[in-house]
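First chain A sits with chain B, and in the next complex the same chain sits with chain C.
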Partner chain A sequence: MNRQEAVKLENVTKRFGNVVAVNNVSFEVYKGELFSLLGPSGCGKTTTLRIISGLERPDEGRVYIEGTDVTELPARERRVCLVFQEYAVFPHMNVYENIEFGLKVKMLPRAERDKKVKEVAELLELVDYLNYKGGRLGLSDQQKVAIARCLVVEPKLLLLDEPLTLVDARVRERMRRELKRIQRELGTTMIYVTHDQLEALMLSDRMAVMRNGKIIQIGTPEEIYDNPADMFIATFVGSPAMNFLEGVLEVEEGMLILKTSSYKYVLSKSIESSAVQNLIGTEVVIGFRPEDAEVRHSGEVEGVIKLVEIVEDRKILHIKINEDEVKVLADIFTSFTEGQKVKVWINPLRLHIFEKKNGKKLLKGVVSR
Partner chain B sequence: MIRKILAKVVICIVLAVAVVWTITPVMWMISLSFKTYGEWRTPSLIPHNPTLDNYIMLFSPQSITTIFIAYTAVLEPITRPLIRSLIISATATVIAIIIGFFTAYGASRYNSPGSFTLFFTLLTRMLPPAVFVTPIVIYFTTLALIDNIIGLALLYAATTLTYAVWILKGFIDAIPIEWEEAALLEGASPLQAIFKVVIPIVRPGMVVAGLFIFLMSWTELLFALVLTNLNVPLSVQVSKYVTAVGALWGVQAAAALVSSIIPLVIGYLIQRHLITGFTFGLVRG
Partner chain C sequence: MIFLELREISKVIGDKVILHKINLEVGEGEIISIVGPPGSGKTTLLKIICGLVAPTSGKVYLEGEDITNLPPHERGFSMVFEVPPVYPDRTGYDNIAFPLRLKKLGEDEIRKRVLAVAELLGIRHVLHRKPSTYSGGEYQRVAIARALVTQPRLLLLDEPFKNLDAKIREAMVSWLKELHKKIGVTIIYATHDPLEGMSLGNKVMVLLNGVQKQLGSPLEILMKPADLDVDDFISIPALNVVKGRIEECSENGIGVTFSNLKLRIPKKISKCELGQELFIAFRPHDLIINAKEGVSVLRGRVININYAGRNQLVSLEMNGLVVRAVVSKDLKIGIGDAISFTLNPERVRLYDANSKKLLE
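Let's look at the complex of A and B:
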């Protein structure tokens, strides 16, 4: 991939009164990349986006677009476009005039405007709607018009602020695919803000997870999913969410054991990694994803199935192990019933060990052969 | 069932009373304007000998040789005050709407000049206008604006400005800032964003506020009476037909009718905008 920098943020901080909305954020996005900012609402992701667009000025730090410092540049000179969550389309203009707007204020000749508008309309399949008034369109078509309006001015950067949140679920999925297609076709650099982890995982080339104004992890969707930096990300990304068991790591008869307040769980038959050894005696939280555990006839720890949920093509078993409850995925054809006693096996290679006091990741996978 | 019918009957009666209450004076005015001098004081709605004398008196008082001859010296043709009033009201409306829009925009988007000051501007409308007469006369004398229609236009613009600001602020508040931001990001300057996005959307609001201000300027009597001498606007002219010598009721009725036609015509021409203006907040839900 072409690793030319499209945007770089350097120690950007933005305060609103006493609230620090964006706290010392630095990251870069490469050309042609679809980069997501993921986080719960109020985490500063929209503010970060608005700082990149120039609608908001950072209190500290610098913003670079294609290597040029644009921190002091007003929004309209940055050649950056933003698609908002709602109110995307000018209601007093029809679709054609909406798309034409950016070209008209730049006073491009009429023929050129017409050509560009039609090209973009074709790309976004809006040709049939060109005469519709902006306010008459459905939300998903409005967002398409908003995207078209941005694309027609050929921005260096396309920013999207939760553009699909208000679109209904069925259409949302189609729009996501379409967005990805357009991004691939045009090679536009996009920064996509969302609170929907699934959306971020599906769309992004790389993504950043934000919380309380800070970026806590940057990586590819696989990295974020497989190797979350802390318990927050582990909970936030992935559905159903990761299971957690609290306890102390101990060694008994050469086996690595998680000792909770009421039971012991053998994590691994042998301890080969010295990294694990260093953790012995510490209070930890172990985490594992529902797909990284199995229900077996013979396993390490016993539990009772409390609930069987069918979600799409699989079953989610809610299993109570003493006081803890964990979710384990099972094939849809399996016949588990509520109240059944089962044994749970967790894949030791895919265990995440977090420090109890601050939730930071200590280790992934305890080796066992 | 009976209750429903009863309710309908009551509503009809109330509406009928309201209609009669509003329409009767207008009917009386129309009738009076076509009556001859001798008939002015007779209580009949239909004129017995319909005449256009009153209107002739209105438009060319010099050509009258009848009973009205005693008055013609003091009266000028109504076309002149009519044109003056049009100039005054239109100028006041345009000034108030332009300044009002930008003030409202600042108030809505930048909270300038602050909500207290903005509220304070309404204070001028809370006191009886007579309170301001003396200071205004002194100002106008100092500025040599007495008997000057532009002076009146400025005064009306100033006194109605606060309405323009408050009405337009409501409209601008209802426009999501995202529309302007989108325009900025697509390369528009802040002024272009205002002229191409905000103004077209608030246009119905401008029409409503404009009509309101136009009507207030059109009908204003107190200041017009005090501040003009020869260059009187229509409202003053209408009052002039009741003189020390005697009252020309029929001519005054005709003048009042002419005076109400202009606002009616304007209202008719802009009715499409008026409906959008009055229902602006509702449509967006």
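Let's look at the complex of A and C:
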């Protein structure tokens, strides 16, 4: 695949006093891609974005936009546009004037300005609001205007810093869909900063997970979700979070077994994979997602339902297995009750095995297909 | 016995109706969610319950006693706001102890109570620290600790986790549920997020534009929304709604048409009239993709895909209509693909075109 590079960061480090906000970060974003930086508050994602925009200067490392080293270039000469969490729409101007603003600054002739404003307004479905004053708009529409104002000047890069954090849950869901559509229709390269894992999964072509100033995994949403590199990512990405069981891997009668402090769990009836054999005797943490397990009439491990929650169209069963507690998804029509004894089956193809001492991924799935 | 009762509570400011005839009965130890979009009257209702705002009409009863005109401090309730005023210059201990000092309790008693509540909420480690060093979750827990330390009879929470990171918000909701199980205090919890409200409350009130649209268990509301507005509000991802009409009424169910498409629903409604106009509503979760040939198989083209971890949200275009479907993450699809699907007939809901009421 021949992908053109839109942005490249090379060993970028940024310190504030003693704090290393961004620690030796390198990644590339390709043209036409929506790339997310995902991580908890304080992980360095916003600082990274500000370095790309030119609002912060890195202490070390280089920043390239479309192959040109822009590390020393001031923000206004980079042709990037930034949308913030807080709404930056001029309340006294109407939507048309808000969108037109950047074009006026560039001294474009009126007819050209008009054409461009209307094109963008069409794309973002703002046509009916062009005469509305900025201050009269709802929060999500204000944010759309902020995005429109960026898009109309045709930036090389659109940078978005948690643009949907302040809108309410239902509007956020709609905006995620719309942003994805707009991005695909326009093909604008976008870098999107968020703490919301679902948002990153839903919007991104590729994403980077950040923690303590470092990038700890880069991949497509599917790669990150299906194959998280360590236990932090496995916990942070996905909801409800991945379940973990601690123990030692052993083989009994040709079956792969997880031996925990209080019980044994048969992970697989066979051990075909040699990768598994290398792990026998290792202290591990087994991870599995709530949707990759089932409550059955028969199964290997018995537990007691502690709590039944409803989320979207599913029930989440909190099941206590001796000392451990795991979450398993079930259909909303099932009649499980708290206190009920059940058996849990875990899909062996969807098991993640992490090393106990450092949380790093050792293996995914224990049965060959 | 009914613990707290709201009877016909209304609030009118000028010519604007903020709340219209709200009725609610709360049993002791219950956890009630009030869900509604921003501006629907949730905060006003909470303030009326705790006495910060007087209703224009209607009564508030506590264990049968009319407390409508009782000042807030005599009610023995606590309220936590979206951004609770935790004093930045005081340690966690002093913040939590504050309401007890106002009551002029002895320092020994205060110490005992603050430590007990801090233990319960898992925040002993922040007692000696000032709020600027707290994480968002710790800050919110200190605020809840301060509300609980007075041993309130009722805890009112107004979007207490709204400003937290998504992942922490989830953890805090689970935490609150477990805390409630442990201490059994009666809680009324207001949120704009219907999923959060339904996950937390044993009863949920849906409040839209100041009108109490429905009160019931989360499952009742999910399965039998009172009307289309409720269904639309509680559905995330957004509900699919199409306008159609009844073409067939028979023993086995009804046939509806919309946008030149036919759908048979094996369900009876009390008044089935040919030609009757209605709204057909179904959640994105209730489309069955790659359905086998049959009467009600519909065809669409994929126009958008949002991968969402354990599933994917797909937008489909058919005959000019766009519908959204949540499908398994294992389904391999791409934009432009043709897809056939059917609707889970059990979960299609029909609403009257005029009143928007659920047709049963």
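As a convention for this text, the second predicted complex is superposed on the first by the 361 of 369 C-alpha atoms of A that agree within 3 Å, B and C clash if a C-alpha of one lies under 4 Å from a C-alpha of the other, contacts with A are read in each partner's own complex, and residues count from 1 in each chain.
In the analysis below, a residue touches a chain if its C-beta (ideal position, glycine included) is under 8 Å from a C-beta of that chain, and two chains touch if they have at least 3 such contacts.
This one's a predicted model, so the numbers in the text were calculated from it and none came from an experiment.
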item	value
Fit-or-clash call for chain B and chain C when the two complexes are aligned on chain A	fit
Partner chain in contact with A:180 - chain B first, chain C second, else both or neither	second
Touching partner for A:84 - first (chain B), second (chain C), both, neither	first
More chain A residues in contact - chain B or chain C	C
Which superposed partner A:92 touches (first chain B, second chain C, both, neither)	first
First (chain B), second (chain C), both or neither touched by A:53	first
Touched partner set for A:101, first chain B, second chain C, both or neither	first
Partner chain(s) touched by A:75 [first = chain B, second = chain C, both, neither]	first
Touching partner for A:149 - first (chain B), second (chain C), both, neither	first
Contacts of A:317 with chain B and chain C, given as first, second, both or neither	neither
Overlay on chain A, chain C to chain B nearest C-alpha distance, Å	14
Doubly contacted chain A residues - partners chain C and chain B	none
Interface residues, chain A side, partner chain B - complex	53-55, 74-76, 80-82, 84, 86-88, 90-92, 101-102, 105-106, 146, 149-150, 153
Of all residues in chain C, those that touch chain A in their complex	37-38, 135-136, 165-168, 170, 174, 177-178, 192-196, 198-199, 218-219, 222, 233, 236-238, 283, 285-286, 304, 306-310, 313, 315, 324, 326, 329, 335
Residue ranges of chain A touching chain C (in the complex, touch as defined)	40-41, 168-170, 173-174, 176-177, 180-181, 184, 195-199, 201-203, 221-222, 225, 236-240, 289-291, 307, 309-313, 329, 332
Chain B residues touching chain A - in the complex, by the definition given at the top	176, 178-179, 181-189, 192, 196-197, 200-201
